[in-house]
Amino acid sequence: MSLFGDPHFAWRNAQSALNSAGPQAARIEAYWWLIFAVSALALILVVLAMFYALFHSRRRSDLEPEFRPSPKLERSRGWVVGILGAVTGVILLGLIAGSFATDQALESFTAQDALSIDVIGHQWWWEVQYIDPVPSRRASTANEIHVPVGRTVALTLKSHDVIHSFWAPNLTGKQDLIPGHEATLNFRADRAGVFRGQCAEFCGYQHAYMGFLVVAEPPDQFAAWLEKQRAPAMTPANPSQRRGQEVFLSRDCALCHTIQGTEASGKTAPDLTHLAGRKTLAAATLANNPSTLAAWIVDPQSLKPGNHMPSHLQSVRLGGDGPSGLLNQEDLQALLDYLGNLE
Amino acid sequence: MKILRGVWIAMLGAAALTGCEREERNFVEPPPTSSAVESLRLSDLRPGPSSPPPAAENSAYQENAYAISEGQRLFSWYNCAGCHFHGGGGIGPPLMDDLWIYGSEPQNIHATIIQGRPNGMPAFGGRIPDYQVWQLAAYVRSLSGLTPKDAVPARSDHMSNESPPTTMEKPSPKMTGSPP
Amino acid sequence: MPGKTWMCFPLRPFLLSIALPIAQPGIAGPSQPSLSIPTSPALPATASEDDGQWLMPARDYANSRYSSLAEINTSNVKNLRLSFTFSTGVTRGHEAAPLVTGDTLYLVTPYPNILYALDLARPGAPLKWKYEPKPLAASQGLACCDVVNRGASYAYGKIFFNTLDGQTIAVDAKTGKELWKTRLGNLNLGESVTMAPLVVKNKVLVGNSGGEFGVRGWLTALDANTGRIAWRAYSTGPDQDVLIGPEFKPFYPQERGTDLGVSSWPADAWKIGGGTVWGFVSYDPQLDLIYYGTANPGPWNPELRPGDNKWTAGVFARDPDTGQARWFYQWNPHDLYDYDGINENILLDLPIHGQPRKVLVHPERNGYVYVLDRGTGEVLSAEAFVHVTTTSGVDLKTGRTHEVAEKQPRTGSVVREICPAAPGGKDWQPSAWSPRTGWLYIPHQNICMDEEGLEANYIAGTPYVGANVRMYAGPGGHRGEFTAWDPVQAKPVWKIKENFPVWSGALATAGDLVFYGTMEGWFKAVSARTGELLWQFKCGSGIIGQPISYRGPDGKQYVAVLSGVGGWSGAIVAGQLDPRDGTGALGFVNAMKDLPEHTAKGGMLYVFALP
Amino acid sequence: MSARQPMDPTNFEPLGHSAERERLEQTWSTPPGIYGWLTTVDHKLIGKRFIVTAFFFFLAGGILAMLMRLQLAQPDNRLLGPDLYNQIFTMHGTTMMFLFAVPIMEAMGVYLVPLMVGTRNIAFPRLNAFSYWIYLFGGLMLYSAFLLNIGPDVGWFSYVPLAGPEYGTGKRADFWAQTITFTEVSALAVAVEIITTVFKQRAVGMSLGRVPLLAWAMVVMSFMIIFAMPGVILASTTLIMDRLVGTHFFNPAEGGDALLWQHLFWFFGHPEVYIIFIPALGMMSSIIATFSRRPVFGHAVMVSALVATGVIGFMLWVHHMFATMVPNAGKMFFTVASMLIALPTALQVYCWIATLWTGRPVFKTPLLFVLAFFFILVLGGLTGLMLASISLDTQVHDTFFVVAHLHYVLIGGAVFPLFGAFYYWFPKITGRLLNETAGRWNFWLFFIGFNLAFFPMHQLGLEGMPRRVYTYPEAMGWGGLNLLATIGAGLIAASVLVFIGNVLWCRRRGALVGNNPWSAGTLEWATTSPPPDYNFHPVPVVAGPEPLWERATGLPVVAGLSDTTREVLVTTLIEAKPDHREELPGPSLWPLISALALAALFVGSIFTPWAVVWGSIPVAAALIGWFWPKKRETEEEVAEEVPP
Amino acid sequence: MSAEPVIDVSRLPTYAFGKQSLMWWGTLGIMAIEGTVFVLAAFAYFYIRGNVGSWPPGGLKPPDLLYGTINTGVLLASLWPNWWTDRAAKARDLHRIRIGLPVCLAFAAAFLVFRGFEFAALNIRWDTNAYGSAVWTLLGLHTVHLATDAVDTAVLAVLMFTGPLEGKRYADVSDNAFYWYFVVLIWIPLYGVIYLAPRLN
């Protein structure tokens, strides 16, 4: 996907367990380095011991098998093996203790004033709901989770169809979303930044491109963002945008998508009320700009085969005639104009 | 060993005739095929000399497991299930019986979805891509057993099993209607 | 046992009366054994006191469905004979009540909503005229529960009725000439109209249907002369739209606040949140208030609409002139089970805890008979009249039901044995009240359900439900009941079990008889005091209509009812549904699989009289 | 070593055509021609067939792996779409686990165990034939389905609801479930045979303490199969019932639970790893002992470690589910068990090092593969410790880190020893040696290719690359390491080609090296290479764990076994004292017929549940035919009968 | 030949009973497999149970006790003829075997008939919910075992009347009884799971 060449989206360390941005990931990372060091040492010692054994054994050309090794030698080597076994046991116990300590630390990262967010996994995108005691102040978005820096976030994870797994490695470990169960996941971002996450449990055709972003920003910036998400979509400002809205409402778009403030209230696809404010399209797969948006609307099936966004390739090609004609070139242009301004 | 190999090849050959297309997953939209719609008949009664029946088009959809399951998904996404439920009907007529008001051919169903029908069926023309309409038609036909059984999904996980719960006692046959 | 109950109170003081504007002094006398009850409302245009008429489906503003005609009584009812019949030519569910004024009987059919006038003065009641409004055929796709119509109203020499496609039409009662018609509903948003209008103070009150289609409910007042809209009160949204102003003084604190119709919904959800008004409207001329229930919030799946979902599934008291709300009480805040609050509100004066109170009695879908103070909206009592598993009673302090957590519908999980089911302990089928016994006669059902919440996708003009439902008979295995209920003691007096839901209205007469019909097609007369079956007649199709009684031009008492099975419960017959799919017709098919073995489609008026 | 005939302690060289030998030949031989091919019950023929078939599936799985590596070689690649890729990775996993790894380990057992314990055939030889057929039919069915585009596409773990009726479209998952059923039946039958053979058919004198480590490993494997496979039996059966007859085991809407699948599957799935790994440990011990020229250090410790691994192997399954909502207290138990299972393996590694240390190592290709084990398996085991930690696992679970880990464990812990075993036992099976130079090419290409292919995946996983993705965005920066991995995979392919060439060449032209080319100590080398149909004549008696080392000039033997019937000696469980003689059945078509009938039932049940009903009739008929004795044979039998 | 014969086994018997024989061990292996299947199926049952508040879920009626209890009685009673036949087999008494096996078969047949009623008395269908699926599977599994063992017994019985007979067949009769003990033994906990567990809350 060459559309992705934009340097803004170089995410090399934005989805890495070794680049922690919060206390949870940091604790795990610390344990990782401990176990890594112990393991590396153990491996080196075993391989060295093997070589030592090979080259310090009694290499003889004589192949007469020694079926009753000398008891004395056996006993002394027995001690070595026994001591090594005991040492191994002690190290293992140490690692277990370290593991438990890490688990305990992660368990204890809870906060009273946690920000509650519902994340619902769909094939193959993420629905995000910001919870508020007043129902009308809830905000809904998709594939992009904004969180305030320094405040614990409590995610409630649900699946709409198959098993997914929520994984933003810079922030914390993964948690499965299993239909019929509700899971929770707490994390905190300690520094601002854009982090990427991805579905980690195989979930069908577009498992590979089921990504999302976590945008950690200063609390006031976050508050402003959240307030904006609560507002309905902007009203079309010029004829082209008006036409675009009409296209959106009168064609297949509105059957699945919601734009708040309009009649479009489809629930099976991501909420597009503030689409233009998002950094990516198609579940953190494409950079959000007019050309990718156009490509995504016209031919989503070749970008992400098997996904649930209908293809408009034929109708655009045929100029929007006939029963399948949902979009023609002008419609598309107007639609892009409209969607591109849904800040 | 040769015999086995032969048997295997024969099996493959036989299965290839039925299997391959049935499980094909076509994600790319094929060209629209709506031209067939106009020539369709809705009645068995024909004046004049007899003519051959129209050949069913789009068998790629009609016998394809993926198309049928996509149709099943769309059937609920586009709220078809809101009126027709899981085929038993309610606001709209039942789809799992063998009574077809506007014809049971894929083209008939395609036309019904696209054009709508006067007694309450909305027209989805211009609102659903053509290939999805064919997928829906395939699923609708599968409800009444018009598609091969091995291409049809067993059931949906969502309360489509027919079995009645045995919770409550069976209705007693004698119901006098008089006070106890 | 029920028989004994009434025997215990042979000399029960008749403190009870129907609240009426021109209540005669006689009824105030507490110990007066025989009552002469004025049963006709004062309609400014007719000002008729004639008992023999039936001018609105519920007979009077109080919604009593009580006829003071006593010619047919418990001893002679066995001689009741068919007098004449009339075929409507329509075979969908006939839920309407015929009207009688003077020597004409009017009836409105289900879609295509033909209005017939029959001449009662001539033998066999031949057709006088008919009016065909030709509603849009597409509206049939918007009727959740068959293409029914619940009747017309007569006032000022006009017949007012609604069509399925959302028109209100006034027709000259004498000539059948159309006077005006106003389109109120938008088909493409899923709006339809099935209710019977009520005419109050020169206003025609009409509400919409379509709670299963994501419409926004309203009640509209039209000028009876011109058909122009006088006011419209929405059931959701900002106070301005709901006509909530300074006069709004609900009894319970949870109904107080600004723009609760917005804030108790997720953003924008109130625009497609239901709360339609498709039941019967009542009117108290003394307090000068109209009362009506608002239907369920949409979609059914409650997880998709967190919050109390004001002002759905409750009852409004409004000023008929301005439409301004006076009070509101929510039967089912954040309704979990499609418990529409539209059931009839019967306005009575009853002694509650020894005190005479002006009350509103309401057998609610959630399974309780509520008695409210109709001046304030305070709940005075609420007791279950059916098997209830969804709640464990009503808290009279807060007015809220105690919900049973494990019966709450959940997305992606089937919850079993929800009793009562979505049609409730009682659906639209109206009860009758007899001042002679002081009891309410409630036709209702005994149905439970399994429900699974689903993601609901809103597409304008298509259903917006978000639930799979499968219904079945409740405890005992019978699906219908006919209950005589004492609202003062708040308990049942007697019950009749019926195989199928009793989906017809009830009629009480001064002859101590109660009439109702069954879905098999039996039209029954039972003793108002004991429930004993005294007479029955098998009609051509199942009965879901509202029986009436009138005095013919010949001075005899007649009883009339429409037969023609259908409605939500009878959709399996009317719509020829497939019984293999238990979720068909919103789950009602599962409970009615055997109905096609008992009855077939039909559409016929039956009129009975003594020989 | 090939020239060292004098060292050969074998004392069973055919000495002319004695009448007795001829009778034995006649009694035990497989009928000629295709009929014989279809009816044989000789464990060596069936074992070879098993090995070759499993190796073919290994190649098929390897080709699929190469396709995956090609697809992943560069970001946003369009070589294979998600549909084909999903089928391919599912087929790869299913093939490698169910059609290659377990069957080939059992195949080695079927071939070697009777020879190692000194008996003439495996217990229940017809069942053995049947288990091969059913395995073959299962594999053919799966690959036929795959070639017809009905290949399963929901992963070798088939998690519901993706594999359930609602999301598992078409018949793909049904084919997967039935493949599992086929291999279960086969594996369980072989497990019962191996246990019975080792417990009851050992050579006189081979008390439990003298049983070779490989036979021990096979017994532990068989026990694990017996207790683990039922988990997946139940899982695959309930899955297909959910899909075909509307049960609700995994449907949360009706009270089922998707997690139940994971419990059942991993209750089998984790022991499965040890089912594959434990026989490899046995092979390691055999090879190390022979090439160190001494018995394995700490025989008792080794046996205890095998048994301990087998037992603890059943207490780990939840560590595959740390990212689910299993309660934390429960998870901690599994952390402890998962870490502690490292201990028995560590002890075995120490013992082997001690063996090498105190022995006199001889560097031959088999030993090279064994030495690679010390690096690869130990590395895989150490990453396994990381996965045992709940919190760390939530980071690396379902990423390429796990892909790296499991390949280090399974390839390092099973395939490397297996290749060593091929080189080691090839002369036993064919009488010829594999080419040593080619062997070294084979080894080094494999070793380097393997580490190139899989080591970078650790890094990829930590950098956030989930597994089972058909492609990845370029911006993620995973392209370089993936390309490296693909190059490594290419080297592995080259290595396997070298091996195939070596086998094909040496099968006919390899050096003839006599009966015991490595002068090994265990009983399988106590007969000719390749062994005669009747394995041993006469049947040996042993007095130690390495009998061929202890008695340089011939073993004591047993006399009095019938040479006109297929008689074997049954010995006592602990001390292997002679107990009675039992006649094993001869060649028969019934196992094949039964397998065909059962295969028809299994395949039919994919399409209709009624296949179970009508299919059971031919199955029952075939089994009755199988069981029903022949009059003539019975009469012969009765003539020689000695009642207890 | 340099081999020195140290043992002559020609006097050893050519077949054996019980745990001496190969078939006994094979049968034991099968029993271990099947026992594990039952244990895991019961695990699945209780796992599903752990997910819901009340059991059986949604106020369903537990299975009726009558036929299950009758069947338990039949099964326990059938132990005696099997034991009797087993002893006859070990004594190589063909006459008694010819009496015993048909009696065993009659018990199995009776059992299977009652089993049909048991399914009807479960008060639930397999496709109603997960609880239904679990009990049907448990009962179905056991029925499959019974049915196969009944066929097994029938074939053996016919063989005992028609021949050809050899000593080994007595061991087969004995092993058949051994397997029947397993089928009976496994039923007792199953009876608890299917019939009693829904009654204990």
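The chains carry the letters A, B, C, D and E, assigned in the order they are written, with residues numbered from 1 in each.
Simple rule for what comes next: a residue touches a chain if its C-beta (ideal position, glycine included) is under 8 Å from a C-beta of that chain, and two chains touch if they have at least 3 such contacts.
Here the structure is a predicted model, which is why all the values come from computation and not from measurement.
Number of steps on the shortest path from chain A to chain C, with steps defined by chain touch: 1.
Chain centres here are C-alpha means, and the one lying farthest from chain C is D.
A count of C-beta contacts for the chain pairs C-E and A-B puts A-B on top. Rounded to whole angstrom units, the spacing between the C-alpha centres of chain D and chain E is 31. Computed from the mean C-alpha positions, the centre of chain B lies at a distance of 46 Å from the centre of chain D.
Chain A and chain D, compared by their mean Cα positions, are separated by 37 Å. Averaged C-alpha coordinates put the centre of chain B at 39 Å from the centre of chain C. Looking at chain B, residues 25, 27, 77-78, 158-159, 161, 163, 165, 167 sit in touch with two or more other chains. In chain A, 179-180, 205, 255-256, 268, 305-306 are the positions where the chain touches two or more neighbouring chains simultaneously. Contact of a single residue of chain E with at least two other chains is seen at positions 57-59, 127-129. Those residues of chain E lying in contact with chain D across their complex are 1-17, 19-22, 25-26, 29-30, 32-34, 36-37, 39-41, 43-44, 47-48, 51-52, 57, 92, 126-134, 136-137, 151, 155, 159, 163-169.
Touching chain C in their complex are the following residues of chain B: 76-79, 82-83, 85-94, 96-97, 99, 116, 118-122, 158-165, 167-172, 175-180. Of all residues in chain A, those touching chain C in their complex are 134-140, 160, 179-180, 230, 232, 254-256, 258, 260-261, 263, 265-268.
On the chain A side of its complex with chain D, the touching residues are 1-2, 4-6, 9-13, 15-18, 25, 27-28, 31-32, 35-36, 39, 42-43, 46-47, 49-50, 52-54, 56-60, 62-67, 69, 73-74, 77-78, 80-81, 84-85, 88-89, 92, 95-96, 98-100, 102-103, 106-107, 161-163, 165, 167, 169, 172-176, 178-181, 183, 196, 198-209, 211, 285, 305-306.
Within the complex formed with chain C, the residues of chain E that make contact are 53, 57-59, 129.
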